[in-house]
Amino acid sequence: MADTLLAVADLTVRYRNGALGVQGVSFEVRKGQIVAILGAAGAGKTTTVRGISGFLRSEGARVIQGDVTFRGKNITNQEPHNVSRLGLFAVPERRKIFANLSVQENLEALGKGMVTGDRRAEVEALIFDLFPVLGEVKKKLAGRLSGGQQQMLAIGRALMVDPKLLIIDEMTLGLHPSLHEPLFEAVQRIASTGSAVLLVDESTGNTLEVAQHCVLLKAGQVWAAGPSSDFIGNELLVAGYVGE
Amino acid sequence: MSASEAPILEIADLTVTFGGVKAVTGVSSKIKPQELVAVVGPNGAGKSTLLNAISGLVRRQTVGDIRFAGQPLQELSPHRRAVAGIGRSFQNPPLVDRMSVVENVMAGAFGIRDYRVVDQLVRWRKVARSERARELQARTSLDFFGLGGIADTPTSEIAYAQRKLVDIARALMAEPKLLLLDEPTSGLGRSEHAAMADVLRRLMEPGTMTILMVEHHMDLVRDAATRVIGLQAGEVIADGATHDVLDSAEFQASLVGTKR
Amino acid sequence: GCGRAAPGADSGPGGGSEPYTVSLFADISGPFAPFVSHGVGGFQTAIAAINDAGGVNGRQIKLNNPIDAQSTPQGAQVAARQAVGQAPVAILVSTASTELASVASVLAGAGTTTLAVPNDDGQAVPPKPYYFSATVSSPVAAKAYANAIEQELGTLSGKNIAIVVNNAATSVAYADGLKKLVEAAGGRVSNYLKNEPTISSFTSQAGQIMQNKPDAMMINDSTTNTAIEVAALHDAGYTGAIFGGTAANDDATLKKTSDEGGDYRGPREWKTPVEGDQVWAAAEKYGHLDSAKAGVYFSKGYMLAYALKAGLEACGTNCDAKALPAAMAKASKVTAPGDLGFGASGFTADNHVLLQALQFFGWDKASGKPAALGQPISMVD
Amino acid sequence: MNNVLLAIFGGLPLGATYSLIALGMVLIYRTTGTFNLAHGQFMLLAAFVLADWQLKRPGSFVLGLALALIASGVLSAVVYKLILSRTVGQPHWVAFVATLVLGVGLDAAMSLIFDQPSYNISIPAMPHGVVDLFGVKVGWSSLVVGAIGILLSVVFIIVLRFSRLGVQVRAAGQDPVLAAQGGIQVRRVYVGAWVIGGVLAAIAGVLYGSSTIVDGSMSGMALVAVPALVLGGLDSFEGAIIGGLAIGVVQGFITVYLGGEYVNVVTYSILLVLLLALPQGLFGTREVLKV
Amino acid sequence: MTASTVETASKAATGPRVKPWHLRMRSSLFLAVTLLAVTAVVTSTQFDYNIFLYNTFLLTCVGALAMNLLMGTTGLVSVGSAGFLAAGAFGGVWFDRMGLPFVACVLGGGLLAAVLGLIVSLPAIRLRGLALGLGTISVHFVVIFVVDQYQQRTPGVGVIGFNLPPLFGTTVQVQHQWAWLLLGVVLLALALVSLLGAGRTGRALRLIRDQEQIASTQAIPVTGYKMMIFAITSFLFGAQGALTGFLVGQVSSEQFTLTLAMQYLAMVMVGGLDSVWGAALGAAIFTALPFAMQHLVSAVLGAQQASLNGAKYGVIAYAVLVIAFIVGAPGGLVRLVSEGARKIQARRK
């Protein structure tokens, strides 16, 4: 389809120890869409994200089968900076920030794709509006922030590049509930500008509410997939999630 | 006041300062045995810092008085506090990646001196016996968390949520009297919150444990906690029975995070 | 000692056609290798030449492959044991003195004639009947320095001598010896400075030395340090003679120190082969030109091999490991094609050192070559 | 009084050499998190190449210098590509040991290729005279070394302060994968840093070599400069210069008041105290450790 | 929570990389038996110099085991091992000159090194990683300076160093006796290292290694443990130094170089960190390597080249080998072997 941004076909990722993190996962993300990946702990959500974003080698993993296509280009097993250059930005699991850089520097430690000029002022305003605390601690070393503040910073970094596809793994991890709603709203706003968002999040309800499409993983495979509306209050979801 | 009414943890005017900025400001509170207290509050409110102060990780930056079972902690190093019966888990689980899961859990039992360094060199029988018992205990504990299947997996290879649980299982190995949990459910799905609540209840059952838990998920707090302390900008702004605090309108916005 | 498991006597008798077996160990690797490993080339060149010229007493010399002592005492021990185990008539050694000292007991146990490039300073191995060397011990070398300085200044009495050495045991031993001799002759050691192995400035020290206005100097240091020191001394206004050490006597050092304006003299214990002479040709023929170019250790090895030949000749056709030491001691005159000594070569009776004179060299800017300065300094009383 | 001046003016030129060495090591450390203990070998290679060139073609300099800089830069890039890019994700000290072993191997390789016992470098424009500073005579050449070191660090500080490159470089040094995911051309930044680091080493090697004899012992200089590096803070360019000069002066005082044989032991004792009292050095960033 | 709450997507069986107590003990025991057998074979079939070579391997094993405990298990990067060896060797010399018997000299050398180790552990409490590495370089220079001064100031010793008396007299059997004596020492060291590295202490040390900031919250006295490990490993290094002095018969400050210290770092990395087998294999490789390289070079380039430049090629080959291991097999030889075995097993299934 013309507006397909990301196509994942038969993705199989193997870790160094031989374990298959995911097996034969397929789905698509279209422009303007929010797609959610759901699944229990260890179901393979993070592995899927890694398989797409190229964040594999440092984890000792490889895509051994299947294709990941982004904006028409095959990015399977590509280096992260090449993937990023195409406009894909991933916020990895576990608050990945540069602990020994200040908050401000973290927001600038980005490659060519970083917003400039007026747009930058706009984006920064947006970030500090979403997360006012970050504005107060611009000079602080990121490693000294609280857990939630680090997560805010990680998301803030993603906004600094205006990505075509934004992937956020465990978006609300450690964030106070009062921040959830504005954050989901922000995600919707991003999608509405024609970008797309691939979302992994523990707060299933909110996620399903904002997402158009949903992929439910179980034990490394797609257990169910379809429009989010199908999932809300669905038995299948409960089964896939909790495991009978 | 009966003995059991005496607070197990007594915090008086606790202040933690990082380079001039106060992360915790004049916090005072008494926690009684067998309470399950939830600490809630916005990001950066000082919740983790409070736990760090109790377990002794930010000793130099701390002023104020903390007493555990009547004993002042301020002079005690973190490992002595652990020996005294304070166990904890972490917001970002610090496990030894190059050990198997079960060994990570067993590492939590260090404080139980069933044998000493010297025994290790000479009393092999005794050590072997203790080790077997310890391993069994760890496996049982992993089973309890539904992690029995990954007990022998290298820890570098497990998913994030599993790490969080392993961290808690490790904290339990020392059979602490006071258990500090930092966001036990972050990274767990909503349906797993209920399971966590169940775990917490079962931990409380024998009537020997007191839990102080930092948590953002109000469903779990509601479900499990007997009391809630609300922190904001380092100060206690609410302290009371769970429902009283969670339902009071004035704390809804700032603490609970529901509609503004 | 320990080495008696494999006595070296059975190479002996046999007919005239059977070769003499000779073992060889050396610091082929490790920190000392850049200097001493070239002794191997000298041994090999000379023995190949001797064999081609018909051998000794009608017998060839079979030189075994060199064993690496690795510049460590442990390595030297393994190497020495292996050498003794080969049951040779003689053992050739090209290691530094520490390694040699560490194998003293092994060699003593075997009693096999040992011809070694370094000297042991008469401490670890007290002069032994079977032990022969091509390097003087530090007391003897110190005497040579004192003689050379006296030659330059006319007298030591009332003179200020400054000493600069690398803070390594060997160099310090030379300097200590010189200090004693200078003071005994009525002179004064105005500065006695010790250096770390790597320095990159000598400005402060040069200033300190100049405060005492020395008449002559001794520097016993590495090539790089020597270059820095001479330059700094020159900058500080020193114009007198500087007597260098055996570790800094190569062409590049002589040129550099001369470029910097110092009057530096590097001592050479042996001549080095030069293009066109007999030794150079032999080295080229037998594939050791690289070693020959590398300097004085090649020459030491070369001369020791001819000393061995002299000993074997004196010992006779049926010479064996038992008989050789005594015969060797009689080799008071050793000659070799293209003799490399600065005087007569032969073993001194008291300490079995082959070398008998030493020559200081400076850089001759006009010819772009090193040039001998003054007379050879005799090292025998 | 005279002794004090001797110590200071004797120590400064020494410090200038340390500074120049430290500068290259800081660049590599800051970018790739590798403490490059083969830096001395990079210096040596450049010095050998130039000296060998001058030996064979006396009088010619510029081309030889260019070759020397290229040789060292290329070696540096190759070392990064073949070895250090592959230790990513392993602890810092793995790279530390790798560069140490590499140094040993490079020393052996170079002694095979450059088989003269020693070489000379002469820099045509290098002033040979002596300046008299308050009664202490200091060689011009050491002043030149110091000036070049200071100039180069000023350039680095300006370039990295006033462009986003500085942040990118430090980000790449801390977490290459995360940096790459943010679109930073980590590979280019790394190779660039190694090449420039190699060229800086070459400059240091040529300058130092011109003041002495060039032989294998030069590669030991990098280790001698380590205390300067730690004093300045491992990741600070200003620190490299000031740390280098300071350690140089301290060593000047040690030689004047204690004697040359105490230089290493006293300097390294100072280093130990420094590591304990001020682990991040004068200008370095303190590492954040937080649970 | 029920057993099925946490799904595992792994499709292949994964073995634990680190084993519980009884498996660790079993592998140490296996190593002990192997060493015993090798010693028996070597002493009964080999000549004097080969046994001597084997003896130097056994000595190296002691240090490698100590290094394994220090760096592999506890994560303390030390470049100070040559310093500890020197302290032990000179301690041995010192006690020998006081007229003490052999055993007292060796134990005394070890204890002297252990005291030094305790002093070193004071900075180690605050330093980690690279900083600790640099700190121990400082310690190296200080120790070597002190022993060098001792050597220079002892009359009649200066250049060459100290001589130590031969231990087993001058009989032919001397190296055999040494081999058995040293085997005993290695087995003691092995027992010490593996017993400390397993069980309760072992887990604590690994927690200190990987998660130092929080180890104290698990009731581990981090400071005390670091001091204990430094003291114990320094003792082992010290005893090794003294024994080496007696085996070789000579001790000189020049023997204890920074390169020697590096060797121990590289050794445990090539063999495999946090594994007694890794330590033993590393020691074996590093003892045999110089000789193997010499032979290799002379086979490839001919004896002529070998005598002249063989060692240089050898050093290059050595560097290449070590770097190849560091880069290509981060777990060292032990991991390489175990993963190879696992693969073969997987294929059989």
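Here the chain labels run A, B, C, D and E in written order, and each chain numbers its own residues starting at 1.
As a convention for this text, a residue touches a chain if its C-beta (ideal position, glycine included) is under 8 Å from a C-beta of that chain, and two chains touch if they have at least 3 such contacts.
All figures in this text were calculated on a predicted structure; none of them were measured in a lab.
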- Suppose you hop from subunit C to any chain it touches, then on again the same way; how many hops at least until you reach subunit E? 1
- Task: Report the chain whose mean Cα position is at the greatest distance from that of subunit B.
- Result: C
- Outermost chain relative to subunit A, judged by CA means, is C
- Computed distance of Cα centres, subunit D from subunit B, in Å: 48
- Per the centroid of Cα atoms for each chain, what is the distance between subunit D and subunit E, given in Å? 32
- Note on the structure: CA centroids of subunit A and subunit D: separation to the nearest Å works out as 42
- Message: Taking the mean of the CA coordinates per chain, how far is subunit B from subunit E in Å?
- Response: 40
- Note on the structure: Where subunit C touches two or more other chains at once, the residues are 167, 290
- For subunit A, residues contacting two or more additional chains: 17, 19, 40-43, 144, 242
- Check each residue of subunit E and list the ones that touch at least two other chains. 2, 4-6, 8, 10, 14, 213-214, 311-312, 315
- subunit E residues within the subunit C interface of the complex: 47-49, 52-53, 56, 148, 151-152, 156-161, 163, 166, 170, 172, 174-175, 244, 248-250, 252-255, 257, 290-291, 294, 298, 303-304, 306-308, 310-312, 314-315
- Which of the residues in subunit A end up touching subunit B in this complex? 15, 17, 19, 38, 40-43, 46, 93-95, 133, 144-149, 151-152, 170, 173-180, 202-205, 238, 241-242
- What does subunit C use to touch subunit D in their complex? 34, 167, 193-208, 211, 222-228, 231-232, 235-237, 250, 252-253, 255-256, 259, 290, 293-295
- Could you please specify the touching residues of subunit B with respect to subunit E in the complex? 55-57, 77-79, 81-83, 87-88, 90, 94-100, 102-103, 106-111, 114-115, 117, 120-121, 124, 127-128, 131-132, 135, 143-150, 152-154, 157, 161-162, 165, 170, 174, 192, 195-196, 198-199
- Message: Which residues of subunit D touch subunit E once you look at their complex with the stated criterion?
- Response: 35, 82-83, 86-87, 90-94, 96-98, 100-102, 104-109, 111-112, 223, 226, 230, 234, 264-265, 268-269, 271-272, 275-276, 279, 289-291
